[in-house]
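Same chain, two partners: subunit A is paired with subunit B first, then with subunit C.
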Partner chain A sequence: MSEQLFVTGIGVALPGADHRDAVLDPQVPEPVDPAARIGRKGLRYKDRATQLALVAAYEALRDAGLLSDPDDAKSHVAVDASSVAVIAASNYGNLDSVAATIDTIQQDRSTRLVSPINTPNLSSNVIASEAAIRYGLRGPNLTVCNGSTGGLDALRWAGSLLRAGRAEHVLVVAVEPDNDVVRSFAGTPRALDGAVAMVLGPARDEVDTKRPPQAVLSATQRAATIDDLLPRLGVDLTAVDGWYGPGGAAEHGLIGQVRPIELGHDWGTPSSVLGLLQCVHAAARFAAGATGTLLAVCGDPADGVYCGTLVEAPRQASRALTAAGHDAHR
Partner chain B sequence: MAVALDRTELIALIADVLDLNPEVITDDAHFIDDLGVDSLLALELAVALERRCQIKIESTEIVDVESLRDVITLLDRKLTIAA
Partner chain C sequence: MVERWPIVGMGAICSLGSTARETFDALCAGRSGLAPIRGFTTDWYTSDSLFEIDDRDDSKDRPGRATGFLLSVIAEALTDAGLSDDLGDVPVLVGTGLRELRSVELWRGSGAAVTPAELHFGAAVRSRFGAWDTHTFSNACSASLYALSLATDLLSAGEADTVVVAGTDSITESMFGVADRVQSIPPDAVRPFDRERRGTILGEGAAAVVLRREPGTGGSPRGWVRGVEVNCDAHHPTAPEAGSIAGAMRAAHQRAGVTPADIDLVMLHGTGTIANDLGEALAMREVYGEDLARPVCTAMKSMTGHTSGASGLHSLITALQSMDAGRVVPVPTLEKPIDEMSGFRLAREQAVPVDARLAQINAFGFGGINAVTVVEGNR
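Let's look at the complex of A and B:
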């Protein structure tokens, strides 16, 4: 893998799964209760997507060891604030807030009764900016709203920021809310109602052997078909141990001899959360002892685009890194 | 048609908007100094009162409101005018 992104922190706020390893075997799905996870203070006027994202963001930043007080869910980061970027991925994030405001304006034929304090929720970047405000993240801040590939596209942007030196750590959070507005717009009986966050940054095992990276990602690539995607990823299929399909299921069958991996749970239509969910599922498998390289693919024939990344087990990746360093040294 | 609120209803509405316990909304608790109200929350309070009481409050009027006592005075004036 030419470019490597190190997953140094993971946060999960999904119905029935509140941490990385629970993704492999979720409990009976109960809606995520953000107030129970990070306290109710500061959540009053945030929309559902922002609340879910703040939960996952807190867990990921804590997991990465970046918070000044890990037990305080309103803690700022302990590292240089301008070195931490935020990228949110969401397709339906504030759709409910926008629809409700339009209804208010339509009913009163004026903007007089529009809630002033709700207006920040009408910004497409509200999720990323609220995460930055709450946790004191002053690096680049943006939102990717790019359909089914949105989660993996956000990882591509994270790689770009790290490579360009614009950030040392990137918080990537993918979130979707489930509500009537989303179901109607997306034409789905049930949308995923949750968030997954990852912190990407320098290999922690270089600075802290007690906190090695949880997975190593290759540069994300895009192509019109899955067949076109593989050469762009530079992937040797004989070295891939499994792949996550774009439907979150195995309907695409084998790629070469590579077997599909089922996410094994119906989370609802995952939209932009799928890509990060695949990566976290892979990281959970690695934590449980699996090794090797997995392929995550998102996309939709209707969109005419697929996006993929390789997810490698950390210890093996460290060895590969060491070998590369050794070669360079020689 | 303007709608009057009794004291308990008014305190409940303010507590809800400010996300505070009703007990802390006393006559003279200062919205900014004691209750953490900022300009955005003050506007939100004005809109909430407009909706609930079916009255119009100009943004210039809410600037002078600093406590529950001021809210009551403002509403009394509005409701008298409306009546």
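Let's look at the complex of A and C:
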């Protein structure tokens, strides 16, 4: 049983980085302008998180070669619509819409000034459903709101949908907006205000040499501590070339002899986007010529859980991955 | 051989009762949980009633109620299954429409202390049941059946022997507020499939089931999940699409290895909105065709209100109880069914005796996310 996931497309909508390789060497952060990236049409009344997610989703679907017209940011997929699933991950996505509605009601002491056009934004699944509508994705549609591990958790469910035959391609998009509500609620000076998307699907390198997978992921695992996580991943630490820590920085130091990798840029509080950002950072390193296997770990003490996956360079013998995942599944 | 997964425990709470048994007895009696609003400032709203759970001593609302409902139904389901309160590596999949957004509102509006870890349910489930493989899916009104589909996939793949699946929701003031704004004449009742239906009324509640790969050595299971299908209309942010809903029903039947003629009972989503009930009725006609008079159909939101992410599992548990007791719960608010439901056997004023073995459960959500499951009773 294969426990590997193949990354066939990547989309990036981050302040200072608008594509995969820019993640390694970001520009001075400027807020992402969704209208400049995918056109103004269809963005009206969408909240900030949805707009950012639509940008990253478009880039990832195009990168995976799934769109009927790759240059049209409103294009539907060219493959069977029911074979493409969407999984969105976000924790703070619609907090601004909910807070604005509450403010309106409290200030006017009535619902007279509440705008019905805002209704979809009050349900936290708005991101995944808008991505499905815009790009014509009729497979399973899931929204993961699972705290700091959300991005990597989304990858686990992508693997589950693929393995169960519920989808042939899964668009995973993680997004967190930055605004006063999020800063205050999350207690952070700045949230990420960006989105990262990946398409996971069948390995393409045998059928399409122009479009090899950009990274290969092991089955994600969860555990109460990082120490408990490693045996569950079945990881051979001597075969791991670096690891991404849960804080986005390397505050946990070495795991065994494995050195930490800095994301090298202050992205703001990434929340559920961190896991996908780690994977895309790894894929960018591979594209720049790096080889080997990297370990990505998300989680925080308040959530009380950690989630990890191994990210392997494409087209190399599965040194660490051969053992990974299998022991953990009974 | 079609796979089936035993349901070995269940728990439910809603405006009608604080356990699955209390809820079913109230449903059979045709009682309604609709009551004057308790959690919000009534002067600010046109509508005056909701299907709330009466768990507040004074009229002050407090954070964390959806989490409390969830912990209560998981505990009930574990007891029912004869399992301990220590879940360890058992996955807990929670479907919700509005997660703890009500807590965020109370933080925003009145400074209640709420942390980011309390926005999802993982930390609370871990603290109470020692589970760390916890997942919160915010999948609108089909959330708990979506979670059920993922659970059956985990069991099929051999990734777990036991999975807890739950749904929970409390009413958010923002969602209630926007409904109040849109409904210029507030509905006085939830009237699924009635010509005079005027929209839905929100409800609160939670439901949980314990699902296993193999039946345990204990007593006979409560029933079996035969198959769950999920899809997405990719059509409209709030309006349903009948063709896509019909597709989900057909695919669910195929997964379960049944045809419409095999289904004895249908738990309709039936929210009482113009759009849902019309789309659902058209999809039912398309799928059931000549067999439309075969199953008894009912819509329990007439008595519980729309329990959002919990509603799919509420219907599933009620279906299992109905097949066990041989009684289908009524739709007491239904007087004049819409033409699109003509020919279907809709339960009406009173609980109907039935000899049922297979039931279909519908759950559809905002964003056109559809989930349909077929379950088998234990008779």
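What we mean here is this: the second predicted complex is superposed on the first by the 314 of 330 C-alpha atoms of A that agree within 3 Å, B and C clash if a C-alpha of one lies under 4 Å from a C-alpha of the other, contacts with A are read in each partner's own complex, and residues count from 1 in each chain.
By our rule, a contact is a pair of C-beta atoms (placed from the backbone, for glycine too) under 8 Å apart; a residue touches a chain by one contact, two chains touch by 3 or more.
Remember, it's a predicted structure, so these values are computed and weren't measured experimentally.
Chemist: Examine A:Ala287 and indicate which partner it touches, taking first as subunit B and second as subunit C; both and neither are also allowed.
Modeler: In the superposition, A:Ala287 touches no partner, neither subunit B nor subunit C.
Chemist: Quick one: subunit B or subunit C, who's touching more of subunit A?
Modeler: Subunit A has more residues touched by C than by the other partner.
Chemist: Identify the partner contact of A:Ala78: answer first if only subunit B is touched, second if only subunit C is, both if each is, neither if none is.
Modeler: A:Ala78 contacts neither subunit B nor subunit C.
Chemist: A:Leu24 in the overlay: touching subunit B, subunit C, both, or neither? Say first, second, both or neither.
Modeler: A:Leu24 contacts neither subunit B nor subunit C.
Chemist: May I ask you to decide whether A:Arg44 touches subunit B, subunit C, both, or neither, giving the answer as first, second, both or neither?
Modeler: Only subunit B; A:Arg44 stays clear of subunit C.
Chemist: Tell me the contact category for A:Ser110 with respect to subunit B and subunit C: first, second, both or neither.
Modeler: After superposition on chain A, A:Ser110 lies in contact with subunit C alone.
Chemist: Residues of subunit A that sit at the subunit B interface in one complex and at the subunit C interface in the other, please.
Modeler: 112, 114, 116
Chemist: Residue numbers of subunit A touching subunit B in their complex, please.
Modeler: 44-45, 112-117
Chemist: Please output the residues of subunit B touching subunit A within their complex, sorted ascending.
Modeler: Residues 19, 40-41, 43-44, 47, 50-51, 56.
Chemist: Which of the residues in subunit C end up touching subunit A in this complex?
Modeler: Listed in rising order, the residues are 41, 43-46, 97-99, 101, 104-105, 107-109, 114-117, 119-120, 122-123, 126-127, 132-140, 146, 149-150, 153-154, 156-159, 161, 172-175, 177-178, 180-182, 230-238, 244, 247, 365-369.
Chemist: Which of the residues in subunit A end up touching subunit C in this complex?
Modeler: For subunit A paired with subunit C, touching residues are 1, 81-82, 86, 91, 94-95, 97-99, 101-103, 105-106, 109-112, 114, 116, 118-120, 122-126, 128-130, 132-133, 135-147, 153, 157, 160-161, 163-164, 166, 181, 185-187, 222-224, 271, 302-305, 329-330.
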